[in-house]
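For reference, the structure discussed in these notes is given below.
As written, the chains take the letters A, B and C, and residue 1 is the first residue of each chain.
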Amino acid sequence: FQKNQPAQGRAFEPLVEVKAMEPDSSVWGKNFPNQYDGLQKTATNNIDTTYGGSSAFSWLERDPRQKILFAGYPFSKDYNDDRGHANALEDVRATKRLNLNDEDPKHTPATCYSCKSSNNPGLWTDMGMAAYDAMTFNEMTPNINNAIGCANCHEAETMRLIATNPALIEGLEAQGKDWTTFSRQEMRTVVCANCHVEYYFAGPDKYLTFPWAKGTQIDQIISYYNEIGFKDWEYPDAGTPMLKAQHPEYEFFTAGSTHYNAGVSCADCHMPYVSDGAAKYSSHDVHSPLINPEQACGQCHTDVEYVVRRVNTIQDQVANTKIATEDAIIDAINAIKAAAANPNSDAALLDQARQLHREAQYMWDFLSAENSTGFHNPEYALKICADATNLARQAQMLAAQAANDPSLLKTGTYYAPAQ
Amino acid sequence: FQKNQPAQGRAFEPLVEVKAMEPDSSVWGKNFPNQYDGLQKTATNNIDTTYGGSSAFSWLERDPRQKILFAGYPFSKDYNDDRGHANALEDVRATKRLNLNDEDPKHTPATCYSCKSSNNPGLWTDMGMAAYDAMTFNEMTPNINNAIGCANCHEAETMRLIATNPALIEGLEAQGKDWTTFSRQEMRTVVCANCHVEYYFAGPDKYLTFPWAKGTQIDQIISYYNEIGFKDWEYPDAGTPMLKAQHPEYEFFTAGSTHYNAGVSCADCHMPYVSDGAAKYSSHDVHSPLINPEQACGQCHTDVEYVVRRVNTIQDQVANTKIATEDAIIDAINAIKAAAANPNSDAALLDQARQLHREAQYMWDFLSAENSTGFHNPEYALKICADATNLARQAQMLAAQAANDPSLLKTGTYYAPAQ
Amino acid sequence: MNKLTIPILIAVAAFALAMGAFVWATDAVAYAGTHPETCNNCHVMHPMYENYYHASHEKWAECADCHLPHENIFAYYFEKGRQGMHDVYVFTTGQTPALIRANERSQEIIQSNCVRCHEQTVESITMGAQAFDRNCWDCHRDVAHGERGISTSSYQDSSLYPVK
């Protein structure tokens, strides 16, 4: 039925038959012990790199500006770096961002399980995604007992890579794309887009949606959100209708990066071939390629030491520029707050300021929530910083104009001692 | 005498003996006809690329913002793209930037010939660079009768690549570097730094100087200029002490670009090997590598079409971001002008605004005057845009604070109809 | 017969046996030949073989043409033995590194071989007062082992999943 993937025998006889969408990876593991072992290893990984790695260190501690930037939103309470796939369930259940009071209209929906468990493909097929998403997180919990597993990426019968998340299928359709026509190499990137993408919850029933109808570039996503008038939260005291970006690895990488344009896929770097005796297989121990650069980068680059040094250069440059952008946004926030508190402020100008704050911060977040510290697309990262800083400064200027108060133009307010 | 270059015979017998620093390239050409032919070809090149190429198109027409940015300085009168080496003399004599009135204290000095002629190495040796630079352009003209030639790059006896410009030797020495210890591969970049570098004229006698004592990165150069209190001109009505950046290809490329870090030299791309029968030699027809990418890039990159497409992506991104920076600087200029016209403005704040305008515009110019539209170092280019925009917006904000006038915060003033 | 003869004979026999087993187990005799297939005997050499086979020099040169010195026959066989024993030792003792890279000595050998065959072509660029201080493959990155160098994986072949 899938146009791109003709039925095809495996090179060997499976030991056990795995039923469609089997949530338990250990069953698949009987046929494919190397892959299963790899997936298991992601549970205990803990090596860190300069900017990433596998421990769940806190971003709010590492970069306290983010506490200000996310004020009023659960991300200001708890925001850690990601860990290996096998931890997904434990981590989503443990985060302080959850609101488990089902009476509260802002309670966490079941949708938050969407990218954390291999039970999902089966549940979505049985009950439909709309019904799944309409449940609360608490209500869904008993149905979920496996972390990410084989069923999230593979079709059991053929072991093909597939789109399992209905939101991905719909997100592609909205752009007129049909994933079943994709080549194998494309699927080695698209399979990650089941999860490593920007998303939002549409409507009161929290329907999982990827904001891709206008395209997956940052300005297209922003104009999509503006058009539907969506906001994730309102910034306290400033009144800005904010957007939160989440792990847009797929959108960021595919926006003309050098590796994407050269035909490189996520799996090339994050799941390089390794050998076990004579058998070659894809490493399912997915983590930062800087932990095993010989395998991850050495397959294409002869001078591995050089490319790793290069990653450092790029990440340092992005990390520093990102901080300058954060400072500009914080200056804007403080100015908008003051202008909003001033009853004489011009409402129209203030709204313009808020709109620019909204866009500047979303742009910054798009880059910041992307987990490679710019490496997946260095020039895009720096261009986004340049644009976001420009908008943030203009937001501040508009706030000062709204309040007709040049004293709101102070810069470096993050560093100023709190009054 | 040169530590890195042990005396050693040539592989073949020269036909004629070329005397040291021979200014006439046709004499050298008798021994090396291929190289001489190449140099000759640079006279008639006229193919243009999207952002560069060999015709002398006007930057002021292509990007009229530059007329505003250079207001009050000769660059606002005439500023063309560079052409091939053989045109250097014709072009320097023809530019409307010259001031040939020797009575005017602002007359053009002989220093302007420094990078345009193969007569220079001989003249510098005979009279010393200080005496050379103290003459006027008019006075020097009779001594100069050859455009750029072999003597600018080679030592006649050995054909080694050498530093011929005393300003380069001194600029390196100021950083504790001795060019005679450089390897051959390093010289394939450093020989271009005889000319393709940022420079200024020190003191009343216009002594040619490279501002490298603190290093060749942009912030090091800015802090050098700030420390010596140098300015090229004062921005009309704004009163900003401005700096003009000139063709800092060397500084830009060597600031950690991916190709520089990988050991690639200017000559690798701009003077690729070509073959004459069985033997290969360096193309001396120096121009944009996008005109012959198979040779220039294909030696290292198999997929030439891919890398050329990549250059386009990078240049488009840089060109667009650069325009946003120009807009921000123009907004700042207009605000500073207004604040300067306001007798009640706070002088200290206004000076701070000017300082930021000076730095923002120099940063922008460093990127803009660099002739590869960012390709020589894409991330550096975009980081510089981000920083320059940030400073320009802050300059505008300080001007508004100085005049205590939020109406100076208007943005997009370049697009506003002139009053 | 000296009273040491028997122990010596035993020692020699044991040594011969051990060497024989070693040679048999590792297929070390393979090193005597020059066929690229010989090097490919060793599965860790397979990527280099595979990529070499598809690169431009397969028509002209065998592994040994580039990887062994050719100044004279002694240097050739000495290096062949030295390098061969080293590879066999590393391989049989399971110390094969994740990433096999030519060491400095090999690089010098390879460079001298490039120049040996292409002397005429490169004469005018390698000549002069300054040492030619780069490797030919700094530019010609793919002539020897193809685009993918020592890649253990080929590009994912999209034709395996033909569209429609």
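Convention: a contact is a pair of C-beta atoms (placed from the backbone, for glycine too) under 8 Å apart; a residue touches a chain by one contact, two chains touch by 3 or more.
Everything numeric in this text was worked out from a predicted model, so none of it was measured.
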Topology of the chain contact graph, where touching chains are joined (line, ring, star, complete, other): complete
Of all other chains, the one whose Cα centre sits farthest from chain A: C
Centre-of-Cα separation between chain B and chain A, whole angstrom: 42
Rounded Å distance, chain B centre to chain C centre (Cα mean): 47
Intercentroid distance (Cα basis), chain C paired with chain A, Å: 45
Multi-partner residues of chain B (each touching 2 or more other chains): none
Residues within chain C bordering two or more other chains: 141
Chain A to chain C touching residues, read off their complex: 3-6, 181, 183-188, 263, 265, 268, 272-273, 275, 278, 280, 292, 294-295, 298-302, 304
Contact set on chain B toward chain C in their complex: 4-8, 10-12, 155, 158-161, 183-185, 187, 263, 268, 273, 275, 278-282, 299-300, 302
Touching residues (chain side chain C, partner chain B) in the complex: 120-125, 127-134, 138-142, 147
Footprint of chain B on chain A - complex, ascending: 256, 258, 261-262, 303, 306, 309-310, 313-314, 317, 321, 324-325, 328, 378-380, 382-383, 385-387, 389-390, 393-394, 396-398, 400-401, 404-407, 409, 411
Residues on chain C engaged by chain A in the complex (per definition of touch): 43, 98-99, 101, 141, 148-153, 155-158, 160-164
